[in-house]
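Should a chain be cited, it is by its letter among A, B, C, D, E and F, assigned in written order, with residues numbered from 1 in that chain.
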Amino acid sequence: MSIVVRQVERADPAVVAGLGECGVATVHEAQGRIGLLASSMRPIYSGERLAASAVTVSLPPCDNWMIHVAIEQLAAGDILVVAPTAPSDAGYFGELLAVSARARGGAGLVIEAGVRDVRELTEMGFPVWSKAVSAQGTVKETLGSVNVPLVCAGALVLPGDVIVADDDGVCVVRRAEAAEVLEKARARVAAEETKRARLAAGELGLDLYGMRDKLAAKGLRYV
Amino acid sequence: MSIVVRQVERADPAVVAGLGECGVATVHEAQGRIGLLASSMRPIYSGERLAASAVTVSLPPCDNWMIHVAIEQLAAGDILVVAPTAPSDAGYFGELLAVSARARGGAGLVIEAGVRDVRELTEMGFPVWSKAVSAQGTVKETLGSVNVPLVCAGALVLPGDVIVADDDGVCVVRRAEAAEVLEKARARVAAEETKRARLAAGELGLDLYGMRDKLAAKGLRYV
Amino acid sequence: MSIVVRQVERADPAVVAGLGECGVATVHEAQGRIGLLASSMRPIYSGERLAASAVTVSLPPCDNWMIHVAIEQLAAGDILVVAPTAPSDAGYFGELLAVSARARGGAGLVIEAGVRDVRELTEMGFPVWSKAVSAQGTVKETLGSVNVPLVCAGALVLPGDVIVADDDGVCVVRRAEAAEVLEKARARVAAEETKRARLAAGELGLDLYGMRDKLAAKGLRYV
Amino acid sequence: MSIVVRQVERADPAVVAGLGECGVATVHEAQGRIGLLASSMRPIYSGERLAASAVTVSLPPCDNWMIHVAIEQLAAGDILVVAPTAPSDAGYFGELLAVSARARGGAGLVIEAGVRDVRELTEMGFPVWSKAVSAQGTVKETLGSVNVPLVCAGALVLPGDVIVADDDGVCVVRRAEAAEVLEKARARVAAEETKRARLAAGELGLDLYGMRDKLAAKGLRYV
Amino acid sequence: MSIVVRQVERADPAVVAGLGECGVATVHEAQGRIGLLASSMRPIYSGERLAASAVTVSLPPCDNWMIHVAIEQLAAGDILVVAPTAPSDAGYFGELLAVSARARGGAGLVIEAGVRDVRELTEMGFPVWSKAVSAQGTVKETLGSVNVPLVCAGALVLPGDVIVADDDGVCVVRRAEAAEVLEKARARVAAEETKRARLAAGELGLDLYGMRDKLAAKGLRYV
Amino acid sequence: MSIVVRQVERADPAVVAGLGECGVATVHEAQGRIGLLASSMRPIYSGERLAASAVTVSLPPCDNWMIHVAIEQLAAGDILVVAPTAPSDAGYFGELLAVSARARGGAGLVIEAGVRDVRELTEMGFPVWSKAVSAQGTVKETLGSVNVPLVCAGALVLPGDVIVADDDGVCVVRRAEAAEVLEKARARVAAEETKRARLAAGELGLDLYGMRDKLAAKGLRYV
């Protein structure tokens, strides 16, 4: 039952890049508030914002063997999305794996578990979103699968889906919907531009969004 | 039962500013070790230290409508203190609300829930203390109240109370006691100045605080 | 039952320093994947990496009296390792204790509880690994012990053991094994140097570590 | 600042008893969905349902001295509501305190901390809602206060407020509002009686509550 | 985007019943250690063991409207599987909904959130697996979907999948694989029968499973 | 480095039995408030109270092989004390292992991880204290050690130490100190007998323990 799927369709690189510019909160809104990974998934350092195509890795708890297998499947601009089949906070990934992943075009890592060598990863500028930091090592004894559908931090991720990640967390966009979501996300960004200017000038959201009547109708009283 | 209280007394701005200079740990000690919010309340970025008058916002879980209402009630130097009526980690507040709050004089946000647009908030230098970061959006369906007493992260906060916040967390000081607490806090700061110099010179706390006899009386043995 | 042990053997300072250069993940691997403290122990600021000899402090919950006692027992290059006898997140340690510890040669703090004055500690460059940040004060009423064996964050620490700590967490090395662990750690560092170069050049771990046959034997299928 | 307030007004015993019959979920709804303590407050054994007047106890973390003080203030049918001033899971309360509380008329305990002697408390039928079970002992060194307002598990409790507790958790009702809340709660109970019968007969909530049009108007599609 | 799928294929009732007899641990093993929901999902009372076909309910946080909609879609022997689109511990389900669900053939509830009326549900013998108990009410404002694929407590559940649940937790079996998994599960049960007898007679697993040589080969030493 | 120590000294069975009668809270107090395991260690069913000699098992995360090895080392009245070398909630132990352990004289299990087959273990009356219940299986790939010192749930346990466990949790008593601790525990039980009678008769702890003067001296005021 352990397989490696070699052929994975990716989204158009321009669409992927565009989603990365929009960021997690906007993309999440644009696709109807779905696809967020659990908020326990945090960046190991601040300031990164990217989108990339998912190479998924389902592996046994406390065993990182399949990450080595997965690195061979990376194409330029891909991101590893790793989920153990049972909860674990061990450190599955460190500097050497990051060096290898980068050499093969890997753009980063999303892992529902722990990582180590955080200082080195930060110096390399290799972005990681994880639920833990831990130096605890793992073994290489049991197989898992690469490029199969999996649940990572509460979200279903399919191989080739677009992963958007920044300081707000991680969001997954279905490959087939990426272009449409990008369009909606860009529309949101554009609309926010105008709102930002008006709000910055002191106009209230109550007026900008026309909320006063609705609030009154619901029974809000000012005293 | 949903109300907005327009008239809220604030503490003397000089007192508020003074408390901000003292910081959370000192103010908390000065008022008898009360008023701390739960330590799960963390700044979204490091290095801020401020005090401000609370505009409180009680709102339903996963609904941020009342934050728009509350922004109108901000006076210069106020801070929003937001608590949902049921536990929630969603992202109630982001960049546009921060732009609007700042335009109306808002100094920051304390929220027992999540926020998003962390990168943008950090770039703006808009300080937030929250228990989570999450891109998860909220709705605008149900009313809450503004400037009513509420419990935020385990502490009772009244409208107009002084909120002191820094990298150590968040502390609330009753408006009527703010001047007295400031006096005691400043006395602590002054006393610490002398102690710091003596400790830095190598004098031991055991001697500086005269602890040796008391330790011996309690039965401490050196072996 | 409350004692202070004055005489504690330390490891060779050159060995201690060498372990600090290797870092937590490498040292942890070198000693056979033992000795890690729980991953809930996090640095209060990023970028520190050190090794130091443990002065252990067992104290009652919410009572920091014994830290004052322990500071007198510090030798240059020692680190305080503090564990309450019942779980607690209060703030046992702040700037004044850090000033005093530093004046007596203390290199830092590991505490399975909370600390405060995080801004000041960061400015001082006084490294702390803790499980919480909290301004909550503690009392000085009940005795504990200094330089006795204790369990800190799930790991047994003996006085004089070597503590290695960095952004990945905290690891303890038995004093008597420190030289041998250092030797193994340096061997790992050297071996990693070669691997890093080959991986950076695009060679796969699958080939570098000769994994392909073993994976096939376990039944991995490529589809 | 440590005080014991001797005179506390209680609600009418018949009202208190009536609220106990309604249970937590109903009372919570009847008073507009306010007053619930955090869901981390769980009964130490199942099947109890009661209401009682609160004797509040604010005490330092890991110190149960004030519970002895509070027991003297119990009137028949009162319940102790205990909250440490800093988070703690130690065991503040056990069999002997329960024997004493019961001898003075105490009906039970709500504590945002731990208890011990769970087997004995269960055999006695002394109901406790706590956030932990722990054998960890506490000290008797520092004062607190009895019958002062406090925040327990996120809810503000005033001395004399009515505490309703069962397997669903704990809810507080303001003393002055208790009669009105009881009236509303009983109305809910009566209304539920009819609904229960109709639902049990197979009628759908969609029809009973007339939801179909509203769902269609919101855009729900059946496929 | 809010839909109710009316037609859902279920597994053969005899297969479903058979899986229920095997229990969660056996079924989970039989299907290759996949399909477990997170261990935070616990029964509200002990001793239930069942299998049932999933009617899935994806709903907004703190809004239980769609459960009313879902009850109409229940067939005899179905179980509701409910997951909010953002984390929440509120009480989405209580006695009246259980009465209604049972009247329509519902066998129980799995919900990645909270429930209330635990005493009444226990008296009814209506089994629930949830991650929380909370009296906190929810609203009926926003749509969700019924009988769509969803992630519940970390596991992907499709409408019509078989849910197996007991005191060990909850496991999902794909509808199409249910018969094959049952066959394997029954084989395990049969094999365990023999092992149980031999182990009960004092034979060691080391001998029964022939582990001694393998342990020695791995280097285990007896001292 | 993986060893099985065959020869372990146990405490006098009469002493062990005596400690079991005293229970966790009393024993913990009698030995000076040390030795408690973390309060996350809970019984899988209520009402058990026992003491037994520890056979310790240190094993890799998600691998239960060494439990089979340990069962051979059980003597009548021993209890397995199991701790993985990295945090894990998987289900390491179920009915068949319990049958085997019991056949070899095993009295129960303490495990800082998960167990499964809870219904069967409860029916057998095989007591378990664990930090989780999970059906998640483990592998048999990597060695650990039996009867070595280990840290379990924050407490150091040596082979042959006495484990006392009941509904309040788990406490470890050093083998060499067991007789002395029992003596102190029995003294406490006897002393409590008198106190219980006086408290049940309505005497206050304030008077029984002579606390009034000390409270007044500390400044407690009655208002």
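Note that in this section a residue touches a chain if its C-beta (ideal position, glycine included) is under 8 Å from a C-beta of that chain, and two chains touch if they have at least 3 such contacts.
Just so we're clear, the structure is a prediction, and the values are computed from it rather than from any experiment.
Student: Going by the touch criterion stated earlier, list every chain that contacts subunit D and also contacts subunit E.
Tutor: B, F
Student: Matching residue numbers in more than half of the contact pairs is the bar here; say which of B-D, C-F or D-F clears it relative to D-E.
Tutor: D-F
Student: For the chain pairs B-E and B-D, which is connected through the larger number of C-beta pairs in contact?
Tutor: It is B-E, judged by the count of C-beta pairs in contact.
Student: With centres defined as the mean C-alpha position, give me the subunit E-subunit F separation in Å.
Tutor: Result: the chain centres lie 31 Å from each other.
Student: Calculate how many whole Å lie between the centre of subunit C and the centre of subunit D, each centre taken as the average of the chain's C-alpha atoms.
Tutor: Spacing between the chain centres: roughly 43 Å.
Student: Quick check: what residues of subunit E touch more than one other chain, meaning two or more?
Tutor: Within subunit E, residues 33, 36, 39, 86-87, 89, 134, 136, 142 contact more than one other chain.
Student: Could you list each pair of chains that touch, in label order?
Tutor: Touching chain pairs, listed by label, come out as A-B, A-C, A-E, A-F, B-C, B-D, B-E, C-D, C-F, D-E, D-F, E-F.
Student: Per the contact definition, I'd like the list of subunit C residues that touch subunit B in the complex.
Tutor: Residues of subunit C touching subunit B: 2-6, 45, 65, 68-69, 71-72, 89, 91, 94-97, 99-100, 102-104, 114, 116-119, 122, 132-137, 140, 142-143.
Student: Would you tell me which residues of subunit A are touching subunit F in their complex?
Tutor: Within the complex, subunit A contacts subunit F at residues 60-62, 86-90, 134, 136, 139, 141-142.
Student: Residue numbers of subunit E touching subunit A in their complex, please.
Tutor: Subunit E residues touching subunit A: 1, 32-34, 36, 38-39, 85-87, 149, 151, 154-156.
Student: Mind pulling up the subunit D residues that touch subunit E in the complex?
Tutor: Those residues of subunit D that touch subunit E are 23-25, 28-29, 33, 36, 39, 42, 46-47, 49, 166-169, 171, 192, 195-196, 199-202, 204-206, 209, 211, 215, 218-223.
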